[in-house]
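Next come two complexes built around subunit A: one with subunit B, the other with subunit C.
== the complex of A and B ==
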């Protein structure tokens, strides 16, 4: 029996070892999946509540407007919500809130339809921040309500006021309209410049070049090496070369969207060349020989047969390039800058979405909520682009498989 | 009869001329694409070396940047003339190596799972997840690191009786970088493992090894060249990564820092730090750091190549 046990032992031990080893691979794979889920869930939780059409269309800067008035108080019925401070004299409901930048603010949460405040301007609307108001009370003395009094304190002063003389309101701000537009503009221009160059070189390498030629090999090697350069170094080149170059067009001698686009072109070229070349190489060699045998020239075979067949692959390469532009940050901090402003122009140094996330994190008080909201937008767009690229490639390969 | 022949001849001549133009046009685009490397090399060299040959005048004093103190000093920023990047180089290598050490086992086992163990559907889902992880931009890793990993590292530090500056530390940076190189390392390893010849597996099984033993002792060692390629790419990405690292590293002004929970700084994080306000020497010197970064990456690549060669010599060519 002792013998038997001894004989069994190594096999048992091996079995246990095998299970343990398999377990490690299961755990690793699970961890990887968990990580992806964690990133998506976390970003969605942090930014989901903020994501709205208003965020996409409103300005970043929060502006204060002041209106003169001579309105007189009357009586307004209180709204049903009970957790707000309400002034029945002016028909205004206020609430203490924390703004996007972390400051405590008094938010306008209710406005009676006929309230004199609401008639001042379209900027006085629910969601804006109350700043200050000047009144005259019944005795004709000036009373002032300031946001720092808090919602309750402000309402107390409101109730005392008989005639409104001046009313100031601050827009919410924190919108990303300008960064969104800048990003779209940068994507459009850099793709417009880099796709013809990238796909052109891919056509040369895949179709015309003699791969045994050492010069061709050198060109290919140079493009491959460029792919390994960190993006921050491209940013430096943007500063050294493309800012002066684009100042010829824009007239400004600092970073601009245009210099960012030029920088992105050299960042994108290696990956576009690589993926476009892969797409072109997928087209069977027979197509070319068949076209040539039917009497077409090399150029005709390329333009009428090869390129149309490779189109889905080339599209997928472009989609991936767009994804790369959306996510690019380090190079653009140098080549454009990280100023968040609300006017979009090619000569402006507007931050793109990715750069805006970085700037929001870099300050003393990181604005996690807005950063997460932008990150969520980027994640959604990039997932959709990846999926589109995947579908295009699958369609492409399937088509090849059937022929 | 004669005239028709002539016409067709002419037509074909025209064709070849057009063909030649097309081929030259494509060659031209290829040359432009390749020449961006020359542009980068020339401008980085010129702009990177220029600060050492210039006299700067700032705040009423003039100074020159000493080449040797730039290379060997252990602090940054206080005085441009005396600051150096030696500690930044050490920190950069340290953080990147830590990141690779964290990412390597995780991605090797995940790759093995995808390539050999997982059912087909699981493998496809995992592969797409890894592609997605690779497509997530670095700033988002930075945001995730700052919000999730930094607090976790901070509480880890507190639980073992140490303190950290809100989790901004070497360890957080290494973890964030590990997450970023995980997808590259995994996908290249999967490729390598898929390409291991089937008869390796069969021979090992025939010799009496179990399947799992074969995976660990035959498949992983046989795919080492692919794994090495992944390591090279991953380490290159870790060394050059800027925005994610700068969000979680804490930007220490001197070093080197080997303390896992202490703030640190890398070449790239120092290049980014305060760039928008930088003028004069402070702005120019960033080109020199960029040049140093590229040289460091080349050196690491070279070193990895040497290691691989030695390994091949030791274990025999595939």
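== the complex of A and C ==
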């Protein structure tokens, strides 16, 4: 009896080891989660305040217009708003503001109906940014008002001016409408080209290829290796191959959205093939056998049973691919270019959001706030895409009666 | 009695390995023929030869003949052969779609898909598989939500919807509990009025209960083939006797 007595001590050495291993797992998971949260908070703090519908819908380019004039001052009644600096001599209300790109500006917030400034051009309107103005005072001396003096300082100079000689205004600009549209266009075209190709070859590898054939195995190995090649290498291929190739369609000899799409297709294909193959491999092989035993053809089994069953996996592969497109900058700097323009076309060279972040931070005055705001938009677009995929899957499964 | 299948000197090999050696037997119409034998004896491979499912295995090689109504099956269109020769598998394998769509799958693939006619066919097939009363209110629900026994009967209904002549069953009850097994066995006995049934089973009592003819396969050879009554009562091959009395297997 005494010989078989059970140990009373609760923890043995091997149990302690188990606890330690579990602990390490928890700690590393927590660490990752913490880092992710920090990144998100950091981006949201930096760029959240810049995020607005106006940022998403307005043009990037800001143009400065200068008008010659010989108008003289008069008297204009002040508007009811009291928090603006107002010049009663010229009928102009100004206010210190922050631009879409996060710079401090003097914004034109009120213009009296008969103000001589308003008559200069239709560009001089509420919402534009004041740049500079030249006046002559009563004694005939030149006085200059500059935006860097701030709204109050500018108005003081305005009040001194008797005759206006020149007036400069800058349109708002800084919006990311074109970059956002370019990104969505690039996602659509790249997925349209790469998904059928990638899923097609995944079907071949998963169902028809003889895995014992050395050539097939070599192909699969090569695809796996290609998936690991850094995208910047593909950017060089984009310059060497796809810019000349896409110029056949666009007629443009430089990088364009189209050459960027072709480059992205090459970058995406290996990972699409791999993840689609995994999604197809998860469909039980019984389905195929059972379908064929019912007298259906391979094609019918594939289209009616196997592909629909793999749909959730295929959709998440597509979302991953879309995520890679949004995040890709290195290759696209070469294959498209980093010009931020306001016209979106396949033959145009327009930066995508990620490339815009890159060029915002690469300049002499890195604009960290706008870069953060764009990063936030990227995160939101990705979340929306995965949500859409999720909803699509649920609706589809419900429709098939498989919930 | 008429024979549906006539197997003549049939051998099958996977690559270098021959798994069936010179089998000859015939499958009688409107009767249940059981294949029994220890694991790896080739009984499932023989069953899968009848609807040419072995074609799916890349290195499978056949020799000899299997005649389906005097026509060699190797020269038939496999899609047509399989719509005449239905099959039930060991693990119930309903497709991940609704009960209705599961049953309608075969007819739809064959191009028979008119609304009312198809509804009628689905109801008939489910009734024949003794499942209609249990699922008539939830035809639009997933086939995977059913119990194991119900799933197997759904697979049976799916096969019956093709209006086949022959039903092949590959250990159809080995994944089921005793009650579900009993139900399937009752169905087999009822179905043999209209169908020719070939069943592979591990369970010797099952073969004795439901089959009219039994083939005992051993190491890829047909050791004995006779009426079930005779094979179980007075086996002529000593190996059959040894297997039946539980001395190996």
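Rule of thumb we're sticking to: the second predicted complex is superposed on the first by the 265 of 403 C-alpha atoms of A that agree within 3 Å, B and C clash if a C-alpha of one lies under 4 Å from a C-alpha of the other, contacts with A are read in each partner's own complex, and residues count from 1 in each chain.
As a convention for this text, a contact is a pair of C-beta atoms (placed from the backbone, for glycine too) under 8 Å apart; a residue touches a chain by one contact, two chains touch by 3 or more.
Bear in mind the structure is a predicted one, so any value in this text is a computation, not a measurement.
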Looking at the overlay, what does A:51 touch: subunit B (first), subunit C (second), both, or neither? neither
After lining up the shared chain so the two structures overlap, which partner does A:200 touch, if you call subunit B first and subunit C second: first, second, both or neither? first
Just subunit B (first), just subunit C (second), both, or neither: which does A:328 touch? first
Which of the two partners, first being subunit B and second being subunit C, lies in contact with A:344: first, second, both, or neither? neither
Which partner does A:229 contact after superposing on A: first (subunit B), second (subunit C), both, neither? first
Contacts for A:368 in the overlay, against subunit B (first) and subunit C (second): which applies, first, second, both or neither? first
With both complexes overlaid on chain A, does A:304 touch subunit B (first), subunit C (second), both or neither? second
Counting only touches as set out at the top, which of subunit B and subunit C does A:78 meet: first, second, both, neither? neither
In this superposed model, does subunit C or subunit B come into contact with more residues of subunit A? B
Do any residues of subunit A touch both subunit B and subunit C, and if so, which are they? 297, 300
Residue numbers on subunit A that touch subunit C, as the complex places them: 210, 284, 286-287, 289-297, 300, 304-305, 308-309, 400-403
Interface residues, subunit A side, partner subunit B - complex: 14, 17-18, 21-22, 24-29, 31-33, 35-36, 38-39, 42-43, 46, 196-198, 200-201, 203-205, 207-209, 218-220, 222-223, 225-226, 228-234, 236-237, 240-241, 266, 269-270, 273, 297-300, 302, 323, 326-330, 333-334, 337-339, 354-355, 357-358, 361-362, 366, 368, 371-372, 375, 378-379, 382-383, 385-386, 390
Sites on subunit B touched by subunit A in the complex: 15-16, 18-19, 22-23, 25-40, 43-44, 47, 105-110, 112-114, 117-118, 122, 125-126, 128-133, 135-144, 146-148, 179, 182, 186, 210-213, 215-216, 233, 236-237, 239-243, 246-247, 268, 271-272, 275-276, 286-287, 290, 293-294, 297
Given the complex with subunit A, which residues does subunit C contribute to the contact? 51, 53, 56, 58, 79-83, 86-87, 89, 91, 93, 95-101, 105-106, 108-110, 140-144, 155, 158-159, 162
